[in-house]
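Next up, some structures in structure tokens.
After this come two complexes, each holding chain A, first together with chain B and then together with chain C.
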Partner chain A sequence: MLYRPESLDAALALMAEPGAVLLAGGTDVYPALRDGMPPDRMIDLTRVADLRGIALADGTWRIGGATTWTDIVKAELPPRLAGLQLAGREVGSIQIQNAGTVAGNICNASPAADGVPALMALDAAVEIAGPEGLRTLPLHTFLKGPRQTDLQPGEIVTALLIPDGPGRGAFLKLGARKYLVISIAMISAVVEIGAGKITNAAVAVGACSPVARRLTALEAQLTGATAADIPALCAKADLSDLSPITDVRASADYRGEAVPTLVARTVLTAMEAPHVA
Partner chain B sequence: MSLSISLSINGAARDIVLDDVRVTLLDLLRERLALPGTKKGCDRGQCGACTVLVNGQRVNSCLTLAATLDGATVTTIEGLAQGDRLHPVQQAFLEHDGFQCGYCTPGQIMSAVGLIAEGHAGDDADRIREGMSGNLCRCSAYRGITEAVQDATRRMTAQAAEDAA
Partner chain C sequence: MPDTLDRTIRFGSNSGQPMTRRDGIAKVTGAATFTADNTPDNVLHAVYVPATIARGRVTSLDVAAAEAHPGVTHVLTPANRPHLHGDPEAKPTMFSFRIEVLQDDTVRYAGQPVAMVLGETLEAATEGARLLAPTYEMAPPRVDLDRAEPYDVEPGGFGRPTGASHGDIDAGHRAAVKSVDVTYSTAPQYHNAMETHAIVAAWDGDKLHLDVPTQALSMSCAAYASFFDIPVENVTINSPYLGGGFGSKAVPIGPNILAILAARMTGRPVKLMLTRQQMFGPTGHRGATRQRLRLGIDEDASLTVIDHDSLSETSSFDDFHEPAAGASQGLYAAGALRSVHRGARLDIGTPGAMRAPGEASGSAALECAMDEMAEAAGMDPLEFRLKNYAETEPGTGRPYSSKALRDCYLQGAERFGWAGRPLAPRQMRDENGLLTGWGMGTALFPCPMFMAEARATLRADGSALFETSAVDMGQGALTALAQIAADSLGLPVDNVEFRAGHSSLPDGGVAGGSGHTATAGGALHAAGSDVIRQLGEMAAADPASPLHGAGNASFVARHGRLYVDGDDSRSEPFADILSRAGGADLVGSGSASRPPETAAQYAMYSHGAVFAEVKVDPDLCQVQVTRLVGAFAAGRIINPKLADSQLLGGLIWGISFALHEEAHHDPVTGRIVNADFAGYHVPVNADVRGLEVLTVHEDDPHVNLLGIKGVGEIGIVGTVGAIGNAIWHATGHRIRRFPIRIEDLLKA
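== the complex of A and B ==
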């Protein structure tokens, strides 16, 4: 059976009975359906108005879970969130971006989810509704491993919460071709700059570990750096938090070689100029 | 358990009973509604051959459950021409050789119609290539496709200006 609730309460009531599969854009769910046993019950969340939309309140951007990537790409957002918008432009194709949602991207928990490094660099938190009410936890805690999240039975991701702030974001994706490709590696950076020097930096790397990781040691070293310092700092960055694997898309060595260069390019891009077209 | 939906397909209101709620829009169009113009390529969102417009937006019909479309407006390749008069995008694909074998063409054309309606690529070749990147062409007719989209964009912009005047 497919249910199409129009309120969050109705959706949560449907979740009380175990075994239901949540559906938003469906772009990850349907290909998986065809390869396995169909679920008895599916709940389409796209008609729940509370789950859609982007708003700023009390210094926090709230992006409803069923907000599509196209909604994010088109939204008027500050330069700090530019990396998230650039990531949105690289999620699959326009057809996928029109259907796929931000909560779907994180709940699918692919190590190669393009949205995740951008959200991590923005210190995003995940808002979850369940039988006990709302809870919020950092995205890096929510994601526990490939295809594993902290979502408990009966719970629904209702929103991503992103602190507003100054600075500029960037995102860079490496794939075997330019578009419509699963990432070999992707980087997102958010930098704040004062007098030509970085005053605060956040850098996250995806597809090079079971869950995307922030490069906290490098972030600390970037504070005080000028653009001229970036290549050298990134070339000797401590990447020990990463554990790239060899798969059909690239070898572990290639990923390890590519990451420092990609990080330097992404940080420099974030330092240069606003760049959301 | 079956489920009933009502939707508009190429301007016609349709009431449909779905015996299996897992049927995709693509299979509904091709196998139930005799609209085989929409093609099944990869059946998993990687090729774009099944692109249609749902409420004016391009989507992969192979990744869209028909059951989620109650109240929606769907446009397929069969809904573009007006009688014998081709849609400007169809005409431009013919004139610019925007295809070779033709299998991906309905999806390419629907994607181009969506892209032009989105309005941010204009006739910029790079933006068109990015905007059309969800539609693969294994014959590699990309050059003709890009030129066709540029030409159709110009014609439709000129027509819109004329209509507004």
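== the complex of A and C ==
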């Protein structure tokens, strides 16, 4: 049975009965079925009021859980969120971006989810509605492992919350072909600059660990750096939090070698500084 | 352009024109009916269960669960599969393979059908198939070519390639002052035409009607008839459009036989369409190879020896060996040549012919080895190839029927801007700091002809109908063939109706080996010529005709009129000649094949030269093919637009071969882990840019009457090597494994 509730309360009421599967864009749910039958109970969230849309209030950007990647790509957003918009353009294909949602991307919890590094670099928090009401937790806490999240039975991700601020974001994705590809690695960075130097930096790496990671040690080192300092700082960055694996897409060694270069290029792009290649 | 062909060949207004394909509008509007568009009344949908292990046996199937599912009507397993007359282990035609049709419970490769479910709806049959939930007794799969035990391939026709040898191999090695000894690997690749395999089978008594995409209607009828013990004339195949074939749709596959059996068993039409994932199993593939090339040169940089040893994978139960070492035969002048094929048995589906079988994979290794040899010689790769240019076929000494390869080299190099290329690698960077390299490769492809027949009907109104069971795989064959047909009668192509793709028509032969336009075109031309001959006889014998009494002269047809050859003052419209004769249609027939004496006398090949530019990120090692220029000499080009399209498609497949395509087997189960388009990569549009094709003028008076050589496959050949060589030139690294992966360049 497919349910199409039009309010959050109605959706939560449907969730009270165990075994229901949440559906938004369906771009992960349906492929995962392969040729199998759909689940007995599916709850389509795309008609729930107020679950889709992007708004700024009280210094926080609220991106509704059912907001599609195309919505994000086309929204008027500050440069700080540019990395998120660039990531949106790399999620699957345009058809996928038209259907796939931001909440779906994080709930699917793929290590290669293109949206996650960008959201992490923006210090995104996850807003969750459940039988007990609303709760909010940081994205890095919400994501617990490959295909594992902190979402409890009966709960629905209602929004991603991103602090507004200055600075500029960037995103780079590396794949084995130019487009329509599962990432080998992807980097998102947000930097704030004063007098030609970085005053604040956030860098996140995806597809090189079970869950995308922030490079906090490097972020600290980047404070005070100029564009000229970036390549050297990134080349000796501490990547011990990453644990890349070898798979069909690339070897662990390659991922390890590629990350410092990708990080440097992403940071330089966010600084609007030229860089080679 | 000068046309030096015999002037009795009436060519002019249609051939050589870049006509847009005649079926284009039908295809883009969806009006064209592909096999799976047919859903007859009362149809049953068939879905088969592919094995998820590569070696072992099926120990259980939950038939009760499947049968209990609403809408499921039948479950076929080895326990109840109806009798099949034909032996699945036999090979009914020269191009056939052993097939899996539930003959027992053994599993020989992942993806093999182990059961089939029929249902009133596709959904019911799909769910029934899932509910069968097979369990297995699994044996360790053998899926690693590098750990398999090689054996010598015994030459024996299709799939068991004959090697070649000429000269004194040992002396050639000894005489070499410089040599290379290198081994190149190529990966397993799967055809994956956009249209997956499909069939709609319906019985009427002992008559069988099939909607099925096939590259060879007549041959397919014979094969299907043999499996079901019915006369070949009882099999009708309708195959108006194919969404690609690439060699995979030439012979019946096991699932098709099962669908026909199911139709007979149930007395209802049965429809089966393979999923994308099922295209990685019983439908053939290009087998992986390991190719050792040993080349030697003398002081003068002349090749003293080409020694090409190819190891290729095949299945545990049948033989198809990628004839890769054959690519070294017929191309370069060398004092001695040896090409050898060895095989190894793996728990995989039997490989098969896949676009440029042998030529694509073999030339990838040969052209890279030639580049390494040129490097050792300190020579420009193009200069080295020109130095070893074969003026006659190596080994046999036969003349080439035509060979404009030198023009391909020179025109391609000119267009590409090859001159001034630095000899040493890693010398060029672009404005963004990307390492830039240029490489090249030679393309060679044989020009086979098969056998085809055609019928031409000239109608009283002066229009014509041509009929042959030719096949359009999407390449535009029916358009090019209609151009040939129209020219044979001297009619505008719009006055010609063309019927093909149905087995009731005269045998159009095989759309394969790049020989379809030459063969079916030859038959159409002969049929039209037969009409003209008859028309001439009628007119010459008719006192009322201006052509009366011209019986000893030959006639030519132009613009719907018959002329006395060489005397434009004497002519008459076709319609007038027919009208006085009572207005009946005039029917001619014709056939085409290559006379054995011509085949023995000449070496016949299409040629080409491909030039590639790549850019490589110095830090991330990402490779972009930024330019490809291919210059090809392929005899008479019937339709330049379609020929360019074929050649461009070949170049793109070359990019795919060089950088993307590879099936990966799970070592534990033997299953292909990337059996879909998310994991099995082909280039996306953003990976393809800067393609250019030149066709070099070439008159060939020997290859066939029309001088056609074929363009279907040669575009891949040479391209893979050109890209590999360009990557070396950009980076200084020789990567001897295709596809070249980014991490290969990092480690190099």
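Here, the second predicted complex is superposed on the first by the 268 of 277 C-alpha atoms of A that agree within 3 Å, B and C clash if a C-alpha of one lies under 4 Å from a C-alpha of the other, contacts with A are read in each partner's own complex, and residues count from 1 in each chain.
Following the convention adopted for this analysis, contacts are C-beta pairs under 8 Å (C-beta built on N, C-alpha and C of every residue); 3 or more make two chains touch, one makes a residue touch a chain.
Because the structure is a prediction, the values reported are computed rather than measured.
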item: Partner chain in contact with A:Asp44 - chain B first, chain C second, else both or neither; value: first
item: Contacts of A:Tyr179 with chain B and chain C, given as first, second, both or neither; value: both
item: Chain B versus chain C as contact partner of A:Ile94, first or second or both or neither; value: first
item: First, second, both or neither for A:Met1, with chain B first and chain C second; value: first
item: Touched partner set for A:Thr70, first chain B, second chain C, both or neither; value: first
item: First (chain B), second (chain C), both or neither touched by A:Gly26; value: first
item: Chain B versus chain C as contact partner of A:Ser209, first or second or both or neither; value: neither
item: Footprint overlap on chain A, comparing chain B with chain C; value: 178-180
item: Partner chain A, residues of chain B touching it in the complex; value: 1, 3, 21-22, 24, 43-46, 48, 51, 57-60, 62-65, 67-68, 70, 111, 114-115, 118, 130-131, 133-136
item: Complex contacts: residues of chain C adjacent to chain A; value: 126-127, 129-130, 275, 432-434, 617-622, 660, 664, 673-674, 678-679, 681, 683-687, 741-743, 746-747
item: Chain A residues within the chain B interface of the complex; value: 1-2, 4, 23, 25-27, 30-31, 33-34, 38, 42, 44, 46, 70, 89, 92-96, 98-99, 178-180
item: Residues of chain A defined as touching chain C within the complex; value: 35-37, 174, 176-182, 184, 248, 250-251, 253-254, 257-258, 261-262, 276-277
